[in-house]
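Both complexes below contain chain A, partnered by chain B and then by chain C.
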Partner chain A sequence: MAPWKELKEMTLLNKEVTRVDGALKVAGTAIYTYDVQRPGLLYGRILRSIHPHAKVLSVDTSEAEALKGVKAVLGKIKDEVNFVGDDVAAVAAVSEEIAQKALSLIKVEYDVLPFTVREQQAKKEDAPRVFSGRENNLGRSNENSEGDVEKGFQEADAIVEHMYHMNVQVHTPLESHGCVCEWRGDDLYMWDSTQGVHGTRSGMARALEIPENQIHVITHHMGGGFGSKFGPKSYNVVCARLAKKAGVPVKLMLDREEEMLAVGNRPSSWQKIKIGAKSDGTLTAFEMESFGTGGVGGGAGVPQPYIYHFPNWKVKHQDVHINAGAAEPMRAPGHPQANFAMESAMDELAEKLGIDPLEFRIKNDPNETRQQEYKIGAKKCGWDNRKPSGSQTGEKLIGMGVGSGTWGGGGNRRTEAIVNIYPDGAVDVKIGTQDIGVGTWTIVASVLAEELELDLADVKPFIGESDYPWAPNSGGSTTAPSVTPTVKLAAEAAMAKLIELLAEAYETTPDKISYAKKTFTLTESGEKIPWKKACAALDGKAVSEKAQWGEGLSSSGTAGCQFAEVEVDAETGRVKVKRLVAVQDCGLVVNMLTARSQVNGAIIGEIGYVLFENRLLDNDTGIMQNADLENYKIPGALEMPEFDVTFYDEHERGVIGLGEPPAIPGVGAIANAVANAIGVRFYELPITPDRVLLAIDKRKEGTS
Partner chain B sequence: MKPFQYVYPKDIKAVPKILAEAGQTALLYAGGTDALARMKEGVSQPDVVVNLKEISGFSLIRSDKKGLSIGAGTLLADVVESEEAQDYPGLVEAVKAVGTIQLRNMGTIGGNLCQRPRCWYYRSARFDCLRKGGETCFAIYGDNKYHCIIGGNPCFIVHPSDVAPMLIALDATIEILGLKGSRWVKAEEFYVTPQQDPYNETILKSDEVVTSVHIPAQAKSLKSHYVKFRERDSFDFAMVSVAIVASISDNTLSNVRIAYGGVAPKPWRATRAEKALEGTNATEQQILDAATGEFAQAEPLEQNEYKVIMAKNLLKRAIRELRQG
Partner chain C sequence: MSEEKKHDGLSRRSFLKGVGGGVVGTAVLTSSRRTSAAEQYGDVVGPDAVEITLNVNGQKRTLTVDPRVTLLDALRDQLSLTGSKRVCNKGQCGACTLICNGRTVLACSMLAIDADGADVETIEGLKTGDQLHPVQEEFIKNDALQCGFCTPGFIMSSVALLRKNPSPSMEEIKYAVSGNLCRCGTYPHVFKAVHDAAQAMKKGG
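On to the complex of A and B.
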């Protein structure tokens, strides 16, 4: 196994290579799940619970079945519904309108039960039960500690103690969840918007109780998932059953409201934090008691004490259920929550000690990469110009803040790929990964072309189908570090095989054949054999070599920091992120453009989390009242900052995933920048104009 | 969506009769940016949809000595770009503040004036709210950050129009056609409070349609300006907006007319503030006092106290910018 080439020898990797599927997307001809058309296609819709908690006593579908155009109906999907939007029944009809009409004809008899949508209430002993018959609403809990926290706080010269709160964020991919199911005999073909064609296949096999090799999952193009699309989900199973019942293909795409209610979100977080340091800035102790809700799911834990070194720390967490849709992993699960609380507390403690917040971090951050990144970022953002917190007056207040993050992002050793070289010189690679919108088509093709010293146009990637060799779900920032080494190794194996066959054809030995830039050279005679001629010499034999992921071409573990510059409008309370400086390590950058795009997208997500997004559940009805894109506010084009992205070069570590690392540091950085600008700190997200305006007003009153 | 009869008259005169025959179950459809969303959600379930797009002469902009006339079917985008409208800078600013370029390419002046509230309880078929004939305004005890601070009760919506406050400030009139013929009303009198009528935002009767608006010619000394604050610049309705018209000479304000958006169930003419500022230099303190007086009667709900502060600050901003502009 050869290592990656030297950077200077690379022609495609580490360069600004535009997307191989870019033209398709721009022309509108890339087929997304929504675009899949099949003969006789029906439209599926799911009837969803209007109650946050109820027993489903009966579901009468007779009228719906009698409606003209209705081809299949599934009655009573479950006996108890636990959130508004939970599955009740489903139909498939010749049009979406008829399917929708049919839903309105289904009569459901509910036994409506008490519910709770507030985690503070839900964790109490006397709270209504989220799941009938359970002892309480508590999910998983954990405790962990190191050193002696009490001693640590005794040593501290300054202590900061607060409750930090983040509400639930919803993934909001622009392409909603959905699939098209088609049965061909016993085999199910499913076009799905999923982050894992193989994971979805396995799950569908279990759910439908049929062999895995009867299921074929296809995801060629996707409009985002952010962690919410690790299938299969109930809509997949419902759609497959409807299609089976109807005997024709069914398309079931979720609408925006369903997307908001039923297919995932980032858990809330409440962190009671106490943090202490000595007057010289040395951290002495950290203590946290936290809870949070993933609705009927879990996963609200936070990785505290995050990235800083505390000799003494103690954490305790409790997941709490409420009657709301289940959480799903969302871009660096737990990390943005940990980051907001930790970075806020760090800043406040630094201020209390009279130490520059950046200096305070440098003193307490054991990570060597980040130590370098802090210097780069500080210079780029002009940290020296940062004014003391709350020192400004007037209409526009400028603030700067910093935050840091960490993530894993290593490769999966089970990943496999096949590289084929055909007698006519054509080359392709088959690997069952998927492009969730980040550029996987492009990096797969680039690695293959780079390794075989071909042009990008000479190779064809095949991805996004579960019939291709196994690759992991696109989650945990593992796709690039899983896929790129595997494709490289398969390409290496294919080249070795090609040379071996060529040696036979030319009656020599492989060690006497060299290769560079589409030309083989017989080293003894000096004869040059161009690529096509060489392939043709194989006497009709194609090369087909499979390889498994190997060590040494990728790593795990990233460090990053971000600096935010915000402008607060003191008259309206609006926070505008003017500039976001990101310094990020991800080992060998495979593609400069898609990598930058990853960081930009992550920053947009951070801005949404800190300044805009807020899932609102009505306390009296359990209904989400902003389940649309008007009132669930994600940032738009005019909310974008100037993006300033620097990759800290550690290419010698090989490829490391980048999807999640940059989605973390900006959360604390933006929040800290706001506090720096206005001199008031928020312990709750999002930091919206109403909150800012009241805070500024209150502060004015206090000083006048 | 409920099935409906679709009619598309060519002559505006046919509309009142169609409306009268259909009763309360007709829906006027111009740009559709609001109506279609309501129909999809099931908040509006008309039996008859009256498409106004094919009405001849419904879209027009005309300017003469008397002022500016705009047909109700005129696209918002056309107003922004029309030469005639440029004499009314505040109007152009207000129209430009509506939605996004895509929405302005679809939406009409008449539709903007007659659009229904954005209140999330009103907009969701899941809440049987007062405005839809139910018993409760859910905003009172619910999430009410975007709701009104003044003129509410028993319903706490805000009127979402950007154009309406400016028309009120410009002392515009609105032409309405009904079975009995046409009538003109002051823009200010076009809107009602929930106390007057909790189910409708305007005085339009079920047989009536808005046909045009007329803005009187403005004295040369008059300046107009619209300031809108929204959470996202990319796309949002106003949290608070303010339309102002005034003459400024020797730093003194006169002929002051002010109307707010986002604070009340109807575009809110701020007569107290107008009086307080008339003939003054409008110093920062005077503006603050004027706005404080205007909103002395405000009764913010649990989550919208900020709007009182914002309303004061935006008046300051509006006058500051009016001076500069």
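On to the complex of A and C.
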């Protein structure tokens, strides 16, 4: 196995290469799951619970079945529904309008049960039960510690202690969850908007109790997932059953409201944190008691103590269920939550100690890469111009803040790929990964072309089908470090095989053939054989080499920091992020252009989390009050800061995933910048104008 | 109008209007006339399917639609023009933006029958032969797309802007696409792409 080429020898990797699927996407001809059309296609719809908690006593579908145009009906999917939006029944009809009409004809008899949508209430012993018959509403818990926390706090000269709270965020991919199911005999073909064609295939096989090789999952293009689309989900199974019943293909795409209710969110977090440090700025102890809710799911834990070194620490966490849709991993699950609480507490403690917040971090951050990144970022953002917190008056208040992040993002050793070289010179690679918007089509093709010293246009990538060799779900920033080494190794194997066959054809030995830039040279005679001629000489024998992921071409573990400059309008309470400086390590950057897009996007996600996004559940009805794109606000064009992105070069570490690492540090950075601007700290996200105005009023009261 | 499209009945829109205005009786009485929806704007069509003609990307396309079907669904489901995306389906995100009679519209919020006889430009019609529109070219060059689901809407908003204003400022570009939502976070690259497209179009003529 050869290492990656030297950077200066690379022609495609580490360069700005435009997407190979770009032309399809800008022309509107890339076919997403939502766009798939099949002969005789029906439209599926799911009837969803209007109650946060109820027993489903009966489901009468007779009128729906009698409606003209209705082709299949599934009655009573579950005996108990546990959140508004839970599955009740489903129909497939010749048009979406008829399917919708049919849902309204289904008569459901519910036994409505008590519910809870507030985790503070839900964790109490006397709270209504989220799931009938359970002892309580508690999910997983964990405890961990190191050193002696009490001793640590005794050593501290200053201590900060607060409850930090973050509400639920919703993934909001633009393409909703959904699929098209088509049975061909015993085989199911499923176009699905998923982050994992192989994972979805395995799950469907279990759910339908049929062999994996009878299921074919296809995801050529998909409109975003951010962690919410690790299939299969109940809609997949419902759609497959409707299609089976109807005997024709069924498309079942969720509408925006369903998307927000039923298929994933980032859990809330409540972290009661206590941190202490000596007067010289050395951290001595950290203690946290936390809880949070993933609705009827889990996953609300946070990786504390985050980033900084505490010789003594103790954490305790409890997941709490409420009657709301299940959480799914969302871009760096747990990390933004940990980051907000930790970075906020760090800033406040620095202020108490009279130490510059950046100096305080540098003193306590054990990561060597980030030590360098702090210097770069501080210079780029002009940290020296940061004013003391709350020192400004007037209408526009400027603030600066810093935050840090870490992530894993290594490769999956089970990943496989096949590289084919055909007698006519054509080259392709087949790998069962998927492009969820990050540019996987392009990096797969780029690695193959780079390795075989061909042009990008000479190679054809095949991805997004579960019939191709196994690759992991696109999650945890593992795609690039799984896929790129594997494709490289398959390409290496294919080239070796090609040379071996060529040696036979030219009656020489492989070691007497060299290759560079589409030309083979017989080193003894000096004869040059161009690529196509060489492939033709294989006498009709195609090269088809499979390889599995190997060590040494990728790593895990990233370091990053971000600096935010914000402007707070003291009259309107609006916070505008003016500038966001990101310094990020991700090893060998495979594609400088798409990597930049990833970092920009991650930062924009942070802005949404800190300033806008907040799932609102009505306490009396359990209904989400802002389940659309008007009232659940995600960042838009007018809220964009100036972006300043630097990749900290550690290419020798090989490829590391980048989707999640930059989605973390800015959370604390932005929150700290707001606190720096107005002189009041927020212990709760999002920092919306109403909260800013209240805080400013409070400060005035305090000082007057 | 060269060809006349026949239908009768009651349109959902006219019906709703009628109910609101208390003139439903009038609407029903005049519904026996057979004429096109475009000519009889405000008159009644439906409830059965209605034949309409759209001039889509320079081609006359005749189709039969339920009066309740949106322009977006008609294009996507009947004409297989799936470039315009369905994301919120209620005019909140801009993913279905297209150009109708020279103006940007949200195709999810317009009934197909209201587009009868209209010139409709979709993302699929921007190419000239195999040649991408400069805005499309610059979206690729600047990587102004990630998952690409919002991209057609952004491109249509940007094309409409550059037709009205060939030299937009950065602020004007941001404003022009402020009705388009993106979750992957392509905005900064979109701004640059539109800026570069304006430059390219000026040079290229």
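Operating definition for what follows: the second predicted complex is superposed on the first by the 704 of 704 C-alpha atoms of A that agree within 3 Å, B and C clash if a C-alpha of one lies under 4 Å from a C-alpha of the other, contacts with A are read in each partner's own complex, and residues count from 1 in each chain.
By our rule, contacts are C-beta pairs under 8 Å (C-beta built on N, C-alpha and C of every residue); 3 or more make two chains touch, one makes a residue touch a chain.
This structure is a prediction, so every number in the text was calculated from the model and none was measured.
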{"item": "Partner chain in contact with A:R574 - chain B first, chain C second, else both or neither", "value": "first"}
{"item": "Partner chain in contact with A:D697 - chain B first, chain C second, else both or neither", "value": "first"}
{"item": "First, second, both or neither for A:I210, with chain B first and chain C second", "value": "neither"}
{"item": "First, second, both or neither for A:E97, with chain B first and chain C second", "value": "both"}
{"item": "First, second, both or neither for A:L138, with chain B first and chain C second", "value": "neither"}
{"item": "First, second, both or neither for A:A637, with chain B first and chain C second", "value": "both"}
{"item": "Partner chain in contact with A:D618 - chain B first, chain C second, else both or neither", "value": "first"}
{"item": "Residues of chain A touched, compared between chain B and chain C (which is higher)", "value": "C"}
{"item": "Contacts of A:A542 with chain B and chain C, given as first, second, both or neither", "value": "neither"}
{"item": "Common ground on chain A, meaning residues reached by chain C in one complex and by chain B in the other", "value": "97, 630, 635-638"}
{"item": "Chain A-touching residues of chain B, taken from the complex the two chains share", "value": "1, 118, 120-121, 124, 126-127, 138, 141-143, 145, 229, 231-236, 239, 303-307, 309-310, 313-314, 316-317"}
{"item": "Touch list for chain C against partner chain A, complex", "value": "66, 68-69, 73, 76-77, 80-90, 92-93, 95, 122-124, 126-127, 132, 136-137, 139-141, 143, 145-152, 155, 174-175, 177-178, 180-191"}
{"item": "Of chain A, residues touching chain C in the complex", "value": "18-19, 21-23, 25-32, 34-35, 37, 95-97, 172-176, 221-224, 226, 253, 255-256, 436-439, 593-594, 596-598, 600-605, 628-630, 634-638, 640, 643"}
{"item": "Touching residues (chain side chain A, partner chain B) in the complex", "value": "50, 97, 100, 571-574, 612, 616, 618-621, 623, 625-626, 630-631, 633, 635-639, 688-691, 693-694, 697"}
